[in-house]
Amino acid sequence: MSTAWQPVRDASGSSRRLTLDDLARRVDGRLEGVSDPEQEIEGVRPLESAAESDLSFVHAGSYLKQAASSRAAAFLIPESLDPTAVAAELGERPRIVVRSSQLAVAQALDEFFVLPRPSPGVHPTAVVGKDCELGEGVAIGPYAVIGDGCHLADGVVVEAHTVVGRDCVVGTDSWLHANCVLYDGSVLGERVRVHSGAIVGGHGFGYASVAGIHHKIPQVGRAVLGDDVEVGCGSAVDRALVDETRIGEGTKIDNQVQVGHNVRTGRGCLLCGQAGIGGTARLGDHVVLAGQVGVVDHAQLGDGVSVAAGSKVLRSVDAGRTLGGAPRVQDIGDWRRASSAVTRLPELLRRVKRLERQLAELSSRSSSESDDRS
Amino acid sequence: MSTAWQPVRDASGSSRRLTLDDLARRVDGRLEGVSDPEQEIEGVRPLESAAESDLSFVHAGSYLKQAASSRAAAFLIPESLDPTAVAAELGERPRIVVRSSQLAVAQALDEFFVLPRPSPGVHPTAVVGKDCELGEGVAIGPYAVIGDGCHLADGVVVEAHTVVGRDCVVGTDSWLHANCVLYDGSVLGERVRVHSGAIVGGHGFGYASVAGIHHKIPQVGRAVLGDDVEVGCGSAVDRALVDETRIGEGTKIDNQVQVGHNVRTGRGCLLCGQAGIGGTARLGDHVVLAGQVGVVDHAQLGDGVSVAAGSKVLRSVDAGRTLGGAPRVQDIGDWRRASSAVTRLPELLRRVKRLERQLAELSSRSSSESDDRS
Amino acid sequence: MSTAWQPVRDASGSSRRLTLDDLARRVDGRLEGVSDPEQEIEGVRPLESAAESDLSFVHAGSYLKQAASSRAAAFLIPESLDPTAVAAELGERPRIVVRSSQLAVAQALDEFFVLPRPSPGVHPTAVVGKDCELGEGVAIGPYAVIGDGCHLADGVVVEAHTVVGRDCVVGTDSWLHANCVLYDGSVLGERVRVHSGAIVGGHGFGYASVAGIHHKIPQVGRAVLGDDVEVGCGSAVDRALVDETRIGEGTKIDNQVQVGHNVRTGRGCLLCGQAGIGGTARLGDHVVLAGQVGVVDHAQLGDGVSVAAGSKVLRSVDAGRTLGGAPRVQDIGDWRRASSAVTRLPELLRRVKRLERQLAELSSRSSSESDDRS
């Protein structure tokens, strides 16, 4: 409230336990090295903190040695790991081989923990405006404020203190955590999650500057978040000048990310912490911006572009490229070489100076020898 | 609530329409290529989405070709564009020639949209402290909390859930959107706008560090925003150690901008998204910081300084310069050349290595020839 | 509310005054150049704004000249300053010599200003959940919302509109300013201060990406802030995937800082404005990240590491180093030389080009001379 996960408990109040066999089925995996498939698992923990009743996980071969010395009862192992290497390190220790160990971790955690959905109903202190439509099972928390003319579909959760402007639409099973704000007219798809402190549909930074005075340009568009979008704590997605700022289906936005007015992103993008996207930029599908990346106004990034942490993208980028750099982005290998070279620049300056001196000497020697001979 | 624009409607509820002739007068422009000045315009849209009844706009000559293929009924054109080029592309298509097309867009949008001001009055759930003075027409929304001893001048709007500390002063027609916070003692001028999630007057990051312990230094000053300042979503302007942090008249602050304690900015600055200004820095008038710019503590930036996106300003800068770079800012042209050169550094290293080898060969050859001759 | 300092007043309502002698005792300092130890001081101000009844301060020798021309009644001077230089500039002007002038400023300000603690009690509009334990002297402000099962120890302050999730623990004398959010299960030590807009325990950015779909990985851990931690306006500390995100005792976090899931920091770190720390990174004790620094996921920074503003740390760093750079951090001196060299790169390119031309000429001349002789 703002809500997070709680352990799953059975009727008697004790934490859930699952057998290895049962867990393997639930994460769609194959048991290996298991002598007792009925062994009970009580939780999921990383290698360094796993107890004897925990399931743990190995995402890459480099962690196998650490796994071998972990106390975990069993491990999730991706099928991409070399079976010989796995057997060499883990011998007869129990493991569940899965297609994606990341996904299996998510599935296993979902067996032991639940994100409790608040009970349906409108808290007596919530203020709901005129002409609102509330679907079935909608839960509105203490002091939430919903403006006139909103439509909240079935299963929507609005936690304490969240403010929804007028004429907003929030799709089925979407969840607004405590203390977030939707400006008037914002539109959210289904299963959207907006975290505390996030703000959707703010005014956008648009001014007509004449003789040093910045006149506000009305930002009369709106912000639209597609299905399955998540917006992190304190992030902001501004409304459009006209038309729509649009975040594509399944795009995930981390904390403190700024998305300017008129931006459009494709599906399944990942925008990591403190990234910033300037006005009217366009991102294709599955674009990844690592932490603190900046994208300049009006830039166009094609599908699948991936930008390394802290880079500044000051121009458009073709699809499929993996880039780094500031202020000139380059292919990531070139960027690594260039930035390594930067650290050697003082030495390079000295070498060039020495070359100049040696060449001058050689040149004057050569001239004088020519003179000698002439 | 948090409020954004609504279409202007006439008494019958239908959206506003204006004739070209009327619109031209309202944006102080001159009609060209217009056969029917009574043609009705229903809205304003950018070139790519304009419908047949929309006014659109061209800010630069490079967009004239796109304008020619747009469906818009008419275009706002800046008088600075070459009339021959305009006529070549737009022939007899209707247009309104104006001094600033940006300003005209703002004016035209203001004809079709309105930012509805909440009705005056104090919502029954708002908490207003002792000894507050509320001017005429003040509107205070649901769950707003106003501390003791505040003065809110005529026409001030405080939206839902906003918290105003004690002894704050908010000038005429200023507008605090939902969920923002003024710490005790903050002072806002007239027509100031503070957006959701913004925080004015926070404590400032001041500690006396002795033997690894950081003792909090009381930050007993305040934050003062001049007339016509706008503060974006999630931005923070800290109070001063003593005295005042001051944001000059007409300065506009985008989202997620951090302004440290004791900072002073001049008039009409533009601080773009995620810019950060370290403590006690001074900015002159009309300084522009692009997105993600950092300015170090105590730096002084003269009037009219402009800093490119992502740059880090680690020293003071004379008035009038346009700069880029991190961590060494340079004049923008030099910076572009230097950053382009960085991408060629690995090649440069190879060239220097080759030079060294060739010079060594030449030098040894030259020596041996000298030896031969001697 | 959000609370800041108020002047200390005596029973008659007038501001506090203290004699120089008294003040010197309270800041544990030694009077010098004082003819009248009974002279009354009314406040503390920096050199440029100090009035004739103010105490001012000099943190470094370079400010002595400015001190000499200030109107201040007396100065706090660190004992590390050369007494001859001090005497040369300040002659017989009154001063208090102290071990740390920063700490003495803090102590002196604490004599004249107080951060008023709200009266104990639960505001009638606050919503407190079931099974909460509230210690003695707890103050809960208007519209605060406390979830079920929370423990707020003695002297805790929760200001207006702050939302505390279920099962949170807040230690003695901790203070949550207006409009901040603790997600479920967060744990705060003693004397922790969380500022407006800050969010503790958010979900963390964890997805299992399979075939372009990002599946949310439950983040079932929690966030734990040690004693004496301060979290600035709008900052976020995410909860852990499993286990704990931990901020060490006495660590101070400025505004708009992002701390990813599973991060652990040591004691007494300083994380300046807009710094970002990627998931699972580890910071030792007394690490300093200047403004806008980024630390990549999983990096390990040893005790006492210090990183210059705007730098990006993309790998682990040994204890004790002072670094700068992006994307390659270097020792700070090397980094300064390298970044200075970057600005000379275009010139360097020209020099190498010239060397290549000269060498080619010399080489061909040398060859032709060899030919001549053969």
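Letters A, B and C name the chains as they come in the text, with residue numbers starting at 1 for each one.
Following the convention adopted for this analysis, a residue touches a chain if its C-beta (ideal position, glycine included) is under 8 Å from a C-beta of that chain, and two chains touch if they have at least 3 such contacts.
What you are looking at is a predicted structure, and each value in this text was computed from that prediction instead of being measured.
Common neighbours of chain B and chain C, by the contact definition above: A. Because chain A and chain C carry the same sequence, their contact can be compared by residue number, and under half of the numbers here are used by both.
A separation of 26 Å divides the Cα centre of chain A from that of chain C.
Taken residue by residue, chain C touches two or more other chains at 125, 143, 161, 179, 197, 234, 256, 274, 292, 326, 339, 342, 345, 348, 352, 355, 359, 362, 366, whereas all remaining positions touch fewer. Note for the complex: chain A touches chain B at residues 125, 127, 129, 143, 145, 147, 161, 163-166, 179, 181-185, 197, 199, 201-203, 205, 207-210, 212-220, 222, 234, 236, 238-239, 241-243, 256, 258, 260, 274, 276, 278, 292, 294, 296, 312, 314, 325-328, 330, 334, 337-338, 341-342, 344-345, 348, 351-352, 355, 358-359, 362, 365-366, 369.
By the touch rule above, chain A contacts chain C in their complex via residues 1-6, 43-46, 49, 99-100, 102-106, 109-110, 112-113, 115, 125, 141-143, 159-161, 177-179, 195-197, 230, 232-234, 250, 252, 254-256, 267-268, 270, 272-274, 285-286, 291-292, 308-310, 324, 326, 335, 339-340, 342-346, 348-349, 352, 355-356, 359, 362-363, 366, 370.
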